[in-house]
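Pasting the structures here.
In the two complexes that follow, chain A is the common piece, with chain B as its partner first and chain C second.
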Partner chain A sequence: MEAGWWGVLIAVLGGAIRIGTPFLFVSLGECLTEKSGRINLGLEGTLVMGAMTGYAVSLHSGSPWLGVLCAGLAGMMLGALHSWLCSFQRVNDIAVGIAMMLFGTGLAFFLGKPYIQPSAPQLPSIDLGGWSDIPQLKAALQINALFLVGIAMAIALGWMLNNTAWGLKVRVVGENADAARALGLPVDRIRILSTAQGGFLAGIGGSYLSLYYPFNWSEGLSSGQGLMAVALVIFARWQPLWCLWVSLLWGGAAALGPSLQSVGITGGYYIFNAIPYIMTLAVMIITCSPRRTLVGVPHELTVTR
Partner chain B sequence: MSIAVPQTMNKALEPFLIIVGSLMVSMVLFGVFVALAGADPFEVYQTMYRAAFGTTFSWQNTLIRAAPLMLTALCTALPGHLGLIIIGGEGAVVMGGLFAAIAALAIQTAPPMVVLVTMALVGMAAGGLWLTIGGALRHYRAVNETISSLLLNYIAIALLNHLVTSTFRDPESLNHPSTHHIGEANMIGAIPGTDLHWGLVFGIVACVIAWFLMHHTVFGFASQIAGGNVRAAQIAGLPVGRLILIICLVAGAAGGLAGMVEVAAIHGRANDTLNANYGYAGILVAFVARNNPLAIIPVAVLLGGIRASSGLLQRSHELPDATVLVMQGIIFLVILFSETLYGRFSRLQKQEVS
Partner chain C sequence: MTDGAPPDLQALGITKRFGPLTALKEVNFRLRSSRFHALLGENGAGKSTLVKCIMGYYHSDAGTILLDQQPVTIRNPRDAQTFGIGMVYQQFTLIPNMTILENLVISKAKLNSIINWQEEEFQLTEFMEKMPFKVPLSARVSSLAAGEKQKVEILKQLALQNRILILDEPTSVLTPQEADEVLGHLRAMTLARQLSVLIITHKLREVAAFADEVTVLRKGQCVGSGQVSELKISQMAEMMVGSEVTVKPKHRTVLSKKVPKLVLQDIRVKDDIGVEVVRGLHLTIHEGEIVGVAGVSGNGQRELIEVLAGQRRAVAGTIRVQGQPFQPTREKIMQHKMCCLPEEPLQNTCVGRMTVSENLAFRNFDVEPHAVGGWLISRPALRRSAFELIERYNIKPPYPDIPIQSLSGGNVQRAVLARELSAEVEILIIANPCFGLDFLATEEIRLQIVAARNRGTAVLLISEDLDEILELSDRTVVMFNGQLVYETASSGADLAIIGRHMTGDTT
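After this line comes the complex of A and B, so read on.
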């Protein structure tokens, strides 16, 4: 029995990485978008579109990495469309996000219909558990290269936001658009670029879903990761490196249900699967307050008004 | 005085023209899209018209789909008057249907009328309370209501799946876990002389009541003020928090009623078919109707028609069933873009007046 519980722990840790990786990419994308003062609720659609594009390109070209790249480009286009629409007066970014969510998923289902059956080449994984004799640990340490890319991205994005001229521009636009305009910064263009880059990252997160785990393309592939990313970023206080820890936490929470099922605890399967949503809601209830603004929030964000 | 007439006319005319124009632009964009997908757009539109409004049968098909859309659109439209963007209609439908079914099973042997009224009340209460969570979190904790209401949809669906696979499972529903059937005697019948069930009447009546509430009562007036400027409303002494809670309760009750109708008129039991995306399509209806409860009725019929045509599009043009989703997405984006056009024609209006 004791080994069983260790098994659960190892499975949760493995799941934290395996399920947390798409969370990482989407939350980094959302983080960058929100730093520029916009919120993109449409990343859920971007994620699904990225998953479909990645799968289709990988199938046709035989190269999963080309699939990842194209998924990013597809996400970039959706992000650019979102922020272009939002750059017109009185167009609400949250409402456009809802529309992009429906449009992105609809477009992905439409274009992805022929790809539900065939199986595309999978992204390779790196075996970090070779030293261990425990099969569960070996399985948990089968890490996809994209996870390592994600860590590098989190570090790089954090560094760039804080230490480069480009990062400063993005932050100024996100803190106070009027001040940015007074400085002569092209506010709309910076936001469009940031949202498009954010969409690129979210698209990559989607390709991870279809090309590595769960490794298929179906219409029920994404389950709100793109949406939860918005709350994750609030919890991470708009710091890319914190997005990494928070994504791992969410991945672990999502892995809890299946892990418990593996040791025979099957009751409440659906409730365990809902843990990430409940956690997200709980985090928002705890961190938000009607009396003060959030720590680290870009002040142009409509989400906190 | 003569100036006032054209101005009020323009006030109603501007949204009408912009919305109709947006729908036409959407049709052109969607036409280009299906042309790129290899279908003839003119034939596609002909097919859609035939499938949605061409025959008595297709009209019935359309109206059956329009009924829940009217109710779920209210879930977004009513809080919209307060400036809230709530998209929790799906959760309200699911909770309403689930608890209506549970209530019916508890008093199954009572007279059918009693069962139906109880189902409706319980369903409305469940949907209303569920949607109110989002409004309450907004008011008391400043939690963004769009995100919380969407998360609550996922939680509601998980709760539904949990309960129909455990406590309330009918052991005979093997492949498709469901509650027990509420009993044929307790089902809502058809409107005499048609194949339509009473859900359509519920939808229209709910929209008319909502319109009266928002446009012809003090409560509605107070809500409009709070939606325009929360600070001003608070200074004027309006109970903004109570307005938010009551509006969310009423809006969620409409969604809950939609769920109850799905159970009592169509499925006879609660299961995951309740999660049929009526909530999400309702958001679109509310936005196209610009939150006006009366405008919701024709828009819901239009969108019901688009959704009804999905099957025929698949059969006669080999377009996937997601085609209508793409069309909905395009309409949604164009309608939101059109927000920027309001007031742009004001110079034109002034010239007409003077």
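After this line comes the complex of A and C, so read on.
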């Protein structure tokens, strides 16, 4: 039984990376968008659209990497559309986000009908467990290159927000739009670009779902990762590097059920599978107190104003 | 900073209309090189409009701006900056979640695409060496006191190499000491021929102490200007308000017995980010007494008022109202006869889009005669009561059916005061009741407050305006860092001692 528990731990760690990667991309995208003072709830739709686009392009071109790129571009377009709509007077970003979520998923299902059956080429993985001869460890260390890209993105995004003119402008716009206007910054344009970049990242997250894990295209592919990303970003206190750790935590939580099942513990399987959702709910309840505001929250976010 | 004296700025025949209202009528104004010029006037006299026309925020309907006798076109504040004109606004434009360094860097006209923080810090440190006052570059703006923020705003303009600095009521949020310090530095820079300064103010004391020249506006017209050294304060005051008004001493009745009405014991309150900002506050207010709480804003006053208004919960301490424990429910507030006039009443206790009559009835819409049987609202009754209050408190325009947000600040203030004082009041909590109001409105509201006191109401007055506290209150206490640190009778109080306690200097 001793080895079994080790197996569970290793499986959870492996799952954290495998399931956490799409969380990472979506939450980085949401983080950037929120830093500019907008919330994009439409990222759920962006994720599904990215998954479909990535799968379709990979199938037709034979190159999964081209699929990833096109998924990002599709996400970028959805992000740009969202923020363009929000830049009109008296348009609420939450309402537009919900509309964009339905639009994105609907469009993906509509365009994706022909791709449910065929099998597209999969994204390759990097074998980091070659040194070990424990099969579970080997399996857990089968890491997709996109995860490494995601780590690089988290570091780069954190650096960019602090050390580049662009990052500083995004933060000013997110903190105080009036001050930004007084500085002569084009508030709407900066938000459109940030949201589009955020959409690009979310689209990549979607392609990971269809091209690596779980590696198929179906209508039930996403299970709310796009929406949970909003809670993740709050938990990560709007810091990109924290998005990485939080995504791994959520990925690990999601991997708990299957890992326990693999060692024969099947009782409460559905409860274990619900852990990420319970955690999301818990984060929202703990962080949303009527008596205090969050540290680090961009002041322009509509939910906090 | 570039060499040579700052340019001479002239505004000739400036006229600005907003619809049917003429805000400025052929105003002439001149800011000579290296002078400290004060623009005096009541609220609504057109001071802000004039400087906004100069800065390019507004486009004047007629008139020209000259710099060194050359006509210039200033289309927007960015243009103004290219001419070396910078403005410090009444509200801070700093970004609270960022450090001073980040705030100063972001305001630069040209940013490098990758920011070399070491280089920027080095340059700004070097720049700061030449400045008369210092601020810690790595500090977060949200952690600064108001005086420090004001200094950063000024430094921001100077770092942009502006040679003409316009300040809109720069001392309204500062202690007298902070105000003197900041204005003193600006004065020194004008004497060194580094800068021309134009300040908008209504504080005659500051004009007399720091300015070289003064221009007075009234009702959109220039009614006088001259050398400060040749004018008496009383002459300037007369120009400002016309000859019809003077401050009347307010009649006070003296009550023989001292009945405690509001007792606060060891009150502790946390702010929005969970920091304890009211830290063990004790205060007793008696019948027929006004207690003024002086202090620089941000020392827990806002949170204290929110607790007394029922908008926030205290984490510890007891509040007793006429001997009973305080509970901020609708029934208890009515029973306590406790009323509240917080600062910015339009945001804090009104619903802007609801009508004046609805807003006036917030305290009593659910009782007879406004609610038939306690549940059916009677519009005619609401309007009748509204008309009565509008008449009694001189609310303008006198229409009960327009949204309250369409009223001017002074009239919103009057309306809220009317609502709060309309029934019998035992305890009145007021914060900055005259902030941004003109002379007449201020006098009226202060008379109402003293009248309430004379009827036996216990009044807690929290204000950033020390003169207001000393004029109205019987007792003055100083709030610093969440505690009351000093108490004195208001008549004969020493301003210097109060000011020192406001900054926490108790040596």
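What we mean here is this: the second predicted complex is superposed on the first by the 304 of 305 C-alpha atoms of A that agree within 3 Å, B and C clash if a C-alpha of one lies under 4 Å from a C-alpha of the other, contacts with A are read in each partner's own complex, and residues count from 1 in each chain.
Note that contacts are C-beta pairs under 8 Å (C-beta built on N, C-alpha and C of every residue); 3 or more make two chains touch, one makes a residue touch a chain.
If you're wondering where the values come from, they're calculated on a predicted model, not measured in any experiment.
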First, second, both or neither for A:119, with chain B first and chain C second: neither
First (chain B), second (chain C), both or neither touched by A:299: second
If touched residues of chain A are counted for chain B and for chain C, the larger one: B
Common interface residues of chain A - those touching chain B in one complex and chain C in the other: none
In the complex, chain A residues that touch chain C: 163-166, 168-169, 171-172, 175-176, 178-179, 182-184, 291-293, 295-296, 298-299
Parts of chain A lying in touch with chain B, wherever the complex brings them together: 41, 81, 85, 88-92, 94-96, 98-100, 102-107, 109-110, 113, 223-224, 227-228, 230-231, 267-271, 273-274, 277-278, 280-281, 284-285, 288-290, 303-304
Residues of chain C touching chain A in the complex: 77-78, 93-98, 102, 105-107, 111-115, 117, 270-274, 312-313
Contact footprint of chain A on chain B as seen in their complex: 37, 85, 87, 137, 139-144, 146-148, 150-152, 154-155, 158-159, 161-162, 165-166, 280, 283-284, 287, 320, 322-323, 325-326, 328-330, 332-333, 336-337, 339-340, 342
